[in-house]
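Two complexes are shown next, each including chain A; its partner changes from chain B in the first to chain C in the second.
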Partner chain A sequence: MSALLQGSSAEAQVVTVEAADRPLREVNREIREAVAAGHRVEVVEPLSRHNLAVGLTGEGHVTFRGSVGYYCGGLSAGGAIEVDGNSGWGTGEGLSAGHITVNGNAGMSVGAAMRGGTIHVRGNAGPRCGVAQKAGDIVVEGDIGYSTGFMSHGGRIVCLGNSRGSVGDSLWEGVVWVGGEIERLGIDAVVVTPEAEEVAEVDELLASVGVDGSGLDWKKVVAGQKLWYFEARDAKQWLMI
Partner chain B sequence: MTGAPSGRTSWSWRPRCGTAAQTRPASPCTAPPRERGYVVRGYLADRDALDGTLQQVTDLVRAQGSDLTGEPSWDESGQPHVLFRMEVDELPGLKGWVDGVEALPGTEILSVGRSLEIIKDVGDAREVDAKHGVSRLQGTHALSNMRLATESLVSPIASHPFWARPFPDVCIVHNGQLTNYFTWRRHLEREGYRFMSENDSELIAVWNSVQMEAGASLGESLSASQEQLDGVFTYLLGTLDGIGMAKDRWAIKPLAVVDEPDGIAIATEEQALRSLYRDEVSIINYDGPLMTEIWRRDAQREGAAA
Partner chain C sequence: MADDLNTPATAAGPGVAPEADARLEDLVAFGDGADPARPAGVPGSYARGDSPRWSPEAIADIQAKAQMGRYQLRGFSTFNKHLPSFDELVFQPATMTRLPLEGYREKCDTQTVLGDGLGKVEEPIVLDMPIYIAAMSFGALSANAKAALGRGARKAGTMTCTGEGGMLEEEREENRTLVYQLSPARYMIDLDHIRKADAVELVVGQGAKPGTGGLLLGMKISERVARMRSLPEGVDQRSTSRHPDFLGADDMTIKIEELREATDHRVPVFVKMGATRPYYDTAVAAKTGADVIVLDGMEGGTGASPELLLDNTGVPTMAAIPAARRALDDTGMTGKVKLVAAGGIRSGADVAKALALGADCVMIGSAAMIALGCNSPRYVEDYQKLGTEPGACHHCHTGLCPVGVTTQDPLLSERVDVEAASERVHRFLTALTMEASLLAKACGKSSVHNLEPEDLRALTLEASAFTGVPLIGADRPFSW
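Right after this comes the complex of A and B.
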């Protein structure tokens, strides 16, 4: 089975795509074309395969009926993706625009090096969430893994749950918001008191994905900036182990 | 030298004998671990030398005051190299016997164990299964690996799983790369251990076996390896009693596990597990630093995430 068009109207069509064991290029071409044309796509039997729905453009919407593998939605510049299951490593890696929702848990490096758009994980996110993030937003309703925000250059990572160790390690201008407990801060990461308007902006982001973050005791993690310029007297800061 | 940065590692437990009707030669369904004697799997580079080599191997067995306990068998693929299988009685000087056999031209022992049998060849899983009847093997636990050769030879003998020469029933599959490989290799070689490959994964198997021979439990050995072995690794160590897992402090190499009433399946990537479980199933990701786990043959689980 390949792409199956339902409905007669040229607009708002629902396209069903089976992933299963079919060649990934075919699957992705069908998804990409439908999303670019603004359709709704349902992908059945994704079977945790890698690289699904990469490089999307346009205003369409994809729903995966099951878990996806690595790099789902990566390098996309548009489209909306919903994963009705879990996602593997590098979900939305290099995303520049668009929206990804993972209804389950996400693996390591969600939104790695992303440059824009929004990634919303309803469960937990694995280690190195938002590693080398440049811009855009990541919202995690559950917990975030260790080394979240590692070397993040910009953008926001907002976690309603708890953070594992080494959060915000070696940050540049990225910011990690943690609503729960922080197990341990990373090298050169500091917690600062957020401004009221910054909290309002976070609330606005959360509201935009239908999440209520009110009443949380936000910890805003930013760079202490000691690693930004190497000086011999700070050498101990660089010893990571 | 590496164990395949993009290699795939998996282990699955199947409660039944393989049913696939594969071609000859029959790899017999193995019974529970032998009370005495060993099953030996070997590799010979030159098929034309098979008869002579098997005779020499048999002579070396008899020189130990032991003997074969069954007819040797081998693959009849006609390829230049050949894999053979023998069953032998007790080998009092096992290490010396292994050294003797591997001194024969083009000969390497792939495994020795009460129950361990290592089968490895070039080709994808279906080809290797068709050639060696892997799916006909019966047992409680198994390791498999599809290797992308990066820093050592493309050859059956450079492939995973590696046997922990000369320790019976210990083997390994490993995803990652050790950075203090040569240091440890020199150290172990000074103690008399030999390595048949330039592959760092082989070293991890021997390293753990040495710890355990010195009295460490499997769990203690796994934890010690996280301190002593430097680099990136997630490895599965197969022993007679089950499988141990350890991963390094950076935990960059993944491991996904399904633990269901019908068995346990472990793989590097979740998509491999989907070949067994196409419907939704709970996937456990071991993605934290310094994790260890032990899956025991008798299903008594102990594990620790440090």
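Right after this comes the complex of A and C.
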């Protein structure tokens, strides 16, 4: 038996699902059904497998007792996911609603193209964090990798640590907040002084995931808008000369 | 100074009377009826130009770049004159060695199934014909054009593809079967829309501009387009060329598994690419686990591309198809992974030739646009405003499409009458299918899918060399 039901109340059961070497489709179906029904799910032996908890809906909660591979929680439209370990590439890619917490580090492209919801990485995030993001929030307590926010359309990426090179490269209306040092800005990225109320909104976001960002010297990275129009006056920006 | 300008003779040589000298010079110069506008001593090309290198187009191109300081963009497809054409291949119908089927009485199967080969999918796509309408995004096309294509495809028993701009409500409603495209930019991609799709397509490239991302100029980023693509209104959108969450083919395999999980293994996964190294690219794409490979040759249409990519990149469709088929044969994937070919398909004869060369299905973009009303001789003054005329228009990138097909202007869009345009699309698709099956029957085939390279002969050395089809007369493929 793989999905273990505990407790008697129909509303908030705890379901245990073993991932290990079981067929992914079965594992995911059990997770998906339990989360859709609003249960709490514990996934044991996730063994860094790819594509766990893809396409969740509903109000339930799933905890992975260990690390997960690529695309954990990808294309989900609900649910709360907690990874008690590290996560691979594309964690929460295409997320439209819901919440993902990674207690360790997240690999490349966390929150890629997401359209809503919140992703919270307690450790560091790899390169291209929030790439092509459309909306929603990403909070990284540690450092962010190079090209974070690449071509982000909207939403916020908030990093309490330092940023590697090329942060905020080719942004549309996405915003990257860096509390620590910025190694190098991306093409067309500019740092602007945030308004007090914007900082208050960031503090609010951080408080909602239980993080204290007070006392940080926020750098708000936005588009310089030199890549927004295909006009010769901006040629130097896109030729990078 | 050299005397090759036709100035009247004035200077006289020593000892010659000036008037006599001028008269003689006049006689020599013009006595044989020469044109006074054409100086003596220069060839006939003096007025005409005729440099094959510095053609009027090349000169105008330099002048334009010198003014704008950037490369030029435009819609439609390549103008490169050196591409091979499907017209260089002809069918050899059944005669003594084979029996033809009755063209008007016997049945030739045209049903086309996509996504059944690997047995991974619960609901493969079943089309009534080996043709469907290519990905053309809302943004590139108007909402009315999208709706008309969807309705026309439904009436004809085939499908369309969303293109990269997200799924439009109207098109979901009108289409019976709809492919949902995930481009590298991932505009409006979420679970809700994925679950409404009948297939999901990862696009790696397209024939008109391989190696680059989508392009949509500000004139077409209306409020609705901006909302669907999460862009500021009026910006010039130049999308990414690489996907945000995978790089190589091994990652793509995992991505495809994710899409299968998100759709609960219900619908097929397509991979679309521009033809550049079709043999190897197809072999690698087949290995990613996709159900269908869509290969778009360099003749492929576009809403907007850098002109230099249209004319200087890619592999022509006719050459790409046999290479892709060889790759599937060599990797044992024929029958498992289906091959859809596109790029420059104009007629049922082109459809039949693409199938004979190895495609399982074809996709039409430009031809479907033309059936909708593109380049039709109406609103002629609006073509003139764009500096063009019906039959020569390629101005989709301007957003000022005179017939409302490739615009976001509400007034222009209304020029597409959805019902009438959908009926034209329907009739055109039916006519294409009829043409393709007529050729198949003449070749003795009870299914269009039984057409094979043996049914073809090449009229030119190039066509034979590009496709491996026997050269007509010689009856064997041109080879080195």
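We take it that the second predicted complex is superposed on the first by the 237 of 241 C-alpha atoms of A that agree within 3 Å, B and C clash if a C-alpha of one lies under 4 Å from a C-alpha of the other, contacts with A are read in each partner's own complex, and residues count from 1 in each chain.
Please note the rule applied: a contact is a pair of C-beta atoms (placed from the backbone, for glycine too) under 8 Å apart; a residue touches a chain by one contact, two chains touch by 3 or more.
In this text the structure is predicted, and so the values were computed from the model without any measurement.
By the touch criterion stated above, A:Trp89 is placed in contact with chain B and with chain C alike. In the superposition on chain A, contact is made by A:His50 with both chain B and chain C. When both complexes are overlaid on chain A, the residue A:Thr16 reaches neither chain B nor chain C.
Of the two partner chains placed by the overlay, neither chain B nor chain C lies in contact with A:Thr101. When the two structures are aligned on the shared chain, A:Thr118 is found in touch with neither chain B nor chain C.
Which of chain B and chain C touches more residues of chain A is settled by the count: it is C. Within the superposed three-chain model, A:Arg164 lies in touch with chain B and out of touch with chain C [touch as defined at top]. In the superposition on chain A, A:Gly145 makes contact with chain B only, not with chain C. In the superposition on the C-alpha atoms of chain A, the part of chain A touched by chain B in one complex and by chain C in the other spans residues 50, 69-70, 89, 108. The touching residues of chain A, when paired with chain B in their complex, are 45, 47-50, 66-67, 69-70, 85-86, 88-89, 105, 107-108, 126-127, 145-146, 164-165, 241.
Residues of chain C that touch chain A in their complex: 68-70, 73, 184-186, 188-192, 194, 217-218, 229-232, 235-236, 238, 240, 244-246, 251, 254-255, 257-258, 261-262, 264-265. By the touch criterion stated above, chain B contacts chain A in their complex at residues 249, 251, 254, 269-271, 273-274, 278, 280, 283, 285, 287-289. By the touch rule above, chain A contacts chain C in their complex via residues 24-25, 28-29, 50-51, 54-55, 57, 69-71, 74-77, 89-90, 93-94, 96, 108-109, 112-113, 115, 128, 131-132, 134-135, 150-151, 153-154, 172-173, 227-232, 235.
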